[in-house]
Amino acid sequence: MKVDSVLLLGMYESMLRIRQFENKAIELFAAQKVPGFVHLYIGEEAIAVGVCACLGDRDYITSTHRGHGHLIAKGGRLDLMMAELYGRASGYCHGKGGSMHIADANLGILGANGIVGAGMPIAGGAAFACRYRDTDAVAVAFFGDGASNRGTFHESLNLASTFKLPAVFVCENNLYGISNRQSHHMNVTDVSDRAGAYGIPGVTVDGNDVVAVYEAASEAVARARRGDGPTLLEYKTWRQRGHFEGDPGTYKDPAEQKAWIARDPLPRLEKQLQDFGFADAAAIRALHDKVDAEIAAAVRFAEESRLPGAGDLLSDVYAA
Amino acid sequence: MKVDSVLLLGMYESMLRIRQFENKAIELFAAQKVPGFVHLYIGEEAIAVGVCACLGDRDYITSTHRGHGHLIAKGGRLDLMMAELYGRASGYCHGKGGSMHIADANLGILGANGIVGAGMPIAGGAAFACRYRDTDAVAVAFFGDGASNRGTFHESLNLASTFKLPAVFVCENNLYGISNRQSHHMNVTDVSDRAGAYGIPGVTVDGNDVVAVYEAASEAVARARRGDGPTLLEYKTWRQRGHFEGDPGTYKDPAEQKAWIARDPLPRLEKQLQDFGFADAAAIRALHDKVDAEIAAAVRFAEESRLPGAGDLLSDVYAA
Amino acid sequence: MTQMTYMEALRDGMRVAMRSDPNVFLAGEDVGAFGGCFGQTKGLYEEFGPKRVVDTPISETAIMGLATGAAAVGLRPIVEIMFVDFMGVCMDELFNNAAKMHYMFGGKITVPLVVRAPCGAGFSAAAQHSQSLDAWFAHIPGIKVVAPATPADAKGLMLAAIRDNNPVIYLEHKGLFGLSGEVPDGDWEVPLGKAEIKRPGRDVTIITWSAMVGKALEAAERLAADGIEAEVLDLRTITPLDVDAILDSVGRTSRAVIVHEEVRTAGFGGEVAAVIADRGFNLLDAPIKRVTAPDTPVPFSPVLEAMFIPQAADITRAVKELF
Amino acid sequence: MTQMTYMEALRDGMRVAMRSDPNVFLAGEDVGAFGGCFGQTKGLYEEFGPKRVVDTPISETAIMGLATGAAAVGLRPIVEIMFVDFMGVCMDELFNNAAKMHYMFGGKITVPLVVRAPCGAGFSAAAQHSQSLDAWFAHIPGIKVVAPATPADAKGLMLAAIRDNNPVIYLEHKGLFGLSGEVPDGDWEVPLGKAEIKRPGRDVTIITWSAMVGKALEAAERLAADGIEAEVLDLRTITPLDVDAILDSVGRTSRAVIVHEEVRTAGFGGEVAAVIADRGFNLLDAPIKRVTAPDTPVPFSPVLEAMFIPQAADITRAVKELF
């Protein structure tokens, strides 16, 4: 295993941060403090965290409608995110974007995205720029099983492969596009089988095992940095909540839901940390306290921030 | 070999009809009698003919910008086509479509198409209708190597495979999209490798051998008629002319052009006919005379037809 | 007559059409057992089964192609694009093929299909899930565009759209889904291309459609209190535009205010204004005003979104500028 | 000043920009050694090499994404979409991402890119290769749209577009490629958002852009012979619209005729008419006329296409209706 205690603890903390941020979002959405669509990543945290652990600030990601996890894993600030979910002027986007539209150029976050499959072409452009500038930076596109049926998937992977771009395409296969089961929206079991259409490696990995996620991503990122072109990574996972908050997810089989919750990546990693002797119960508790405090502070920041005003409505349509 | 003399002679005649129609088009374009874009199929005739020999009037095809061959092979009338190329009121589309936009609903021809890759989704819809009506009819989409990089390729093949639609996707791989060599627009050698992404069969065949074309298409069509879903057929071929009339094709290697012309499907089939004893020189000559007479009649029909008038401009925008 | 919501009414329109014609089917993302993102198709899967109510992959170009190809060979597809905002994904399929096939092919092929597309702001759904793109569709010869504002029109236009022999874009406004009203029972159509006066008045014509009809009626009430009698003309069909109804009303009122939820520049209000400024110029006593969203993406924050959406107060203000 | 064609001038604009800024690159289908479908990019591959002049697969969504992603991280892409008719393929990428990113993300990301798109009829290229879609782009907040009519503007607007920090759609009219004219040498920009009077006149303002400028000038000559002095105002930039220039001219002439090659309904002429009918109403002595293509797909046959395209005679006829 290539992971050490610092890395593993860091990944645990990041996963926890995502989980607790979203647990808070559930509450705030129910309390009608957070409006709009809220798509939660609960249960899929190992993917964003394992992948982003291979990246630096110079690397780029494009995210999805289910973006909180990607943003936090890439270093996004909880306070600015929370304020954005609240629609406050202090938020990442001054309240103009909301949950589905958050970006941070300094961290290489090229945006969550409300259009399924729209991040892949943009990641292709960022990867092109990485190479154009002779850097070793890479661009990673996150997307779902459902998104892998969009034309943008095909065009982006083909372009990246043809140009040997430093890109990594990360499919988070949670087995559903809204209510539509993977077996009803495609005729292959593994999305990674689609890599063959572009002459690039395709790998399928347990997406609920952060170490496995990290290892596969390390290899793909290294390959991209070396100039050997893109990889298609597929991580199998499960969305524990409905498609968005408000969707009871009645199309799911309760037994299957239960089985997947038993494979929840967070307790799993917690157990590994303890088994390896990387952290004891007290250390874990301390991390929880730290993260909970961060989230409480983020909520406070959001609640104390002013709402945007008429000036904000018309600003930033065009860059100067 | 599953082909008999009637079939083979019929295919030869059809290929010849396409070839001579287009040789005439070269002349008429140069003489400025035929305006607009003219994309010629010369050298690729075996594909349209071999595939359409497996189809009946109840079956559907969608064609491309390089559509003369598909239309003629599916039974399109030379006089109406020629009049359309001339832009006459008697043409298939009353002069509104031209070379790139010809359809014949009665023959199941759902149109040539000026948008690369646009025929595949439409063929999917026609295939859906074939099944919806409990018929054994099928829909065939013709498209190029370049078009196989379009998102529509991906979405259509995925939909057809998921729904097990009676569709056949026929890639005419002539190694170029305009000036762009296949090796510069994709990172796989065989377009048929893309079938794996949809869990359907993918087959690569010599597109200049009409018998091989026919045999592969027979199997794919039979499979579709049986309800076993779509197939991706790739036929390797060569466009002997420029991308459109007026393009000198300087990006081509003259030696390669020469080698491919040596594999021209028409003389090849002619030789087979003679070798098998299906036709002697006189029979072949008679076919030539017949086809030439048809084409001369088509030109006469076009030249004697009136031009469209102001009434035609505004009619048929909406169906009643 | 039955009291029902706009959503129930549009569903009723689909149901009546599907019962009366086996060639009508419905396809789209999550339209099956899930019942549609907002519940619009609830119950149709149960009644008509998986053959006629078809869940598709997330593949808008394939969906539009499915509709186009099936229609071209004689079926009557209804397809749902989950939000009108996603129409950019399949714009090519719509405008270069579905819309043009009849003309390009000299009338040889007809393409009777309906695209249902929920539109509009008001849910903090932000820039990619809140748009109105009416003018884009209106700019495509060969298609028709409807945008019902009431439950009755939602049903009647649905039936007429399904039975029209051309591609019809059916813009269902998310903000109207819950609106209740009387709806005629059974098989009942509202003809395409006919505007309707939703409130008569002699002083000014407010020309509008979709969710802005309600805002205009609200504004008209307020204006009446100030002695201005506004006529509210609901276009119902955007294209073909009912020019006669517009000129007739403006001929009586001499003043026109156009209201739409689209952003201002190159919105459909421009077309309406241009028609009046040409053919109705001599009827006018005052400038033609437009009340529209500003030229910005739709913002997320509820406070910003409320400023983005034209409100009754914006309409009364614009009307008063004309007196 | 050098005499050159419109095509040479737009190429010169690209060349100057690429020489002065290594972040500028060009990508599209067959833009490399082939030199572009009409020859627009001839010589650029030879000068700047395959790194900066990039042939792409036939993948318009990936091309638009390439531009968007590269621009978002600081490069200045120019991408060619071979015909503006294909913009429907990548409309989503343009309008939901490239155009909105700056606003949605609170100004955190800027997207300086240029999309070159040949437009217009006149070549019997039929319904899918001959369109003008100006109004569609004008309806997208966050992008700018330019449509040069002369070689000098072709160069100057190209340079300004490349250096603008927003997505700019550069509509190059196929019918103008061969037009010759004087073009300033070196690094010379035409500011975005500024219309230009191409012919002064006191009796009527003809507002137009792109290939219709030539038709309008031709019409103005003929009208002059009949004693009507038409002012021809070339918008050059469609959005942001130079409203001041329009109102200033109409203020002097009291009459407006808008001419465009787009189909009529919901074309950009509606926007221009609406602006005048609101803010310039009191300046007007006559109805506002539009001279446009009819609401049909572009027909193939040269005789039909000539009827489809607005001609000088159509313009003179419309102008004379105002007197």
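Labels for the chains are A, B, C and D, by order of writing; each one numbers its residues from 1.
As a working rule, contacts are C-beta pairs under 8 Å (C-beta built on N, C-alpha and C of every residue); 3 or more make two chains touch, one makes a residue touch a chain.
Computed from a predicted model, the values in this text were never measured in an experiment.
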{"item": "For chain A and chain D, chains touching each", "value": "B, C"}
{"item": "Chains partitioned by contact, chain C not counted", "value": "one piece"}
{"item": "Interchain centroid distance [CA atoms averaged], chain B/chain C, Å", "value": "40"}
{"item": "Intercentroid distance (Cα basis), chain B paired with chain A, Å", "value": "45"}
{"item": "Between chain C and chain D, centroid-to-centroid distance (C-alpha), Å", "value": "30"}
{"item": "Rounded Å distance, chain A centre to chain C centre (Cα mean)", "value": "36"}
{"item": "Junction residues of chain A - those touching two or more other chains", "value": "93, 95-97, 101, 113-115, 149-152, 155, 158, 162, 184-186, 317"}
{"item": "Set of chain C residues in contact with two or more other chains", "value": "56-57, 59-61, 85-86, 89, 92-93, 96, 103-104, 126-128, 141-142, 295-297, 299"}
{"item": "Overall pattern in which the protein chains touch one another (line/ring/star/complete/other)", "value": "complete"}
{"item": "Touching residues (chain side chain D, partner chain C) in the complex", "value": "85-89, 91-96, 99-100, 103-104, 126-128, 133, 135-136, 138-139, 141-142, 239, 241, 258, 262-263, 265-274, 276-279, 281-282, 284, 286-290, 295-297, 299"}
{"item": "Chain C residues touching chain B - in the complex, by the definition given at the top", "value": "25, 51, 54, 56-57, 59-62, 64-75, 77, 92-93, 96-97, 101-112, 141-142, 144, 165-166"}
{"item": "Sites on chain B touched by chain A in the complex", "value": "149-155, 158, 161-162, 184-188, 193-194, 196-200, 229"}
{"item": "Chain A partner contacts - residues on chain C that touch it in the complex", "value": "29-30, 32-34, 37, 55-61, 85-86, 89, 123-129, 294-297, 299-304, 307-308"}
{"item": "Sites on chain B touched by chain C in the complex", "value": "60, 62, 91-97, 101-105, 110-111, 113-115, 118, 120-130, 132, 139, 151-152, 155-156, 158-159, 162-163, 315-320"}
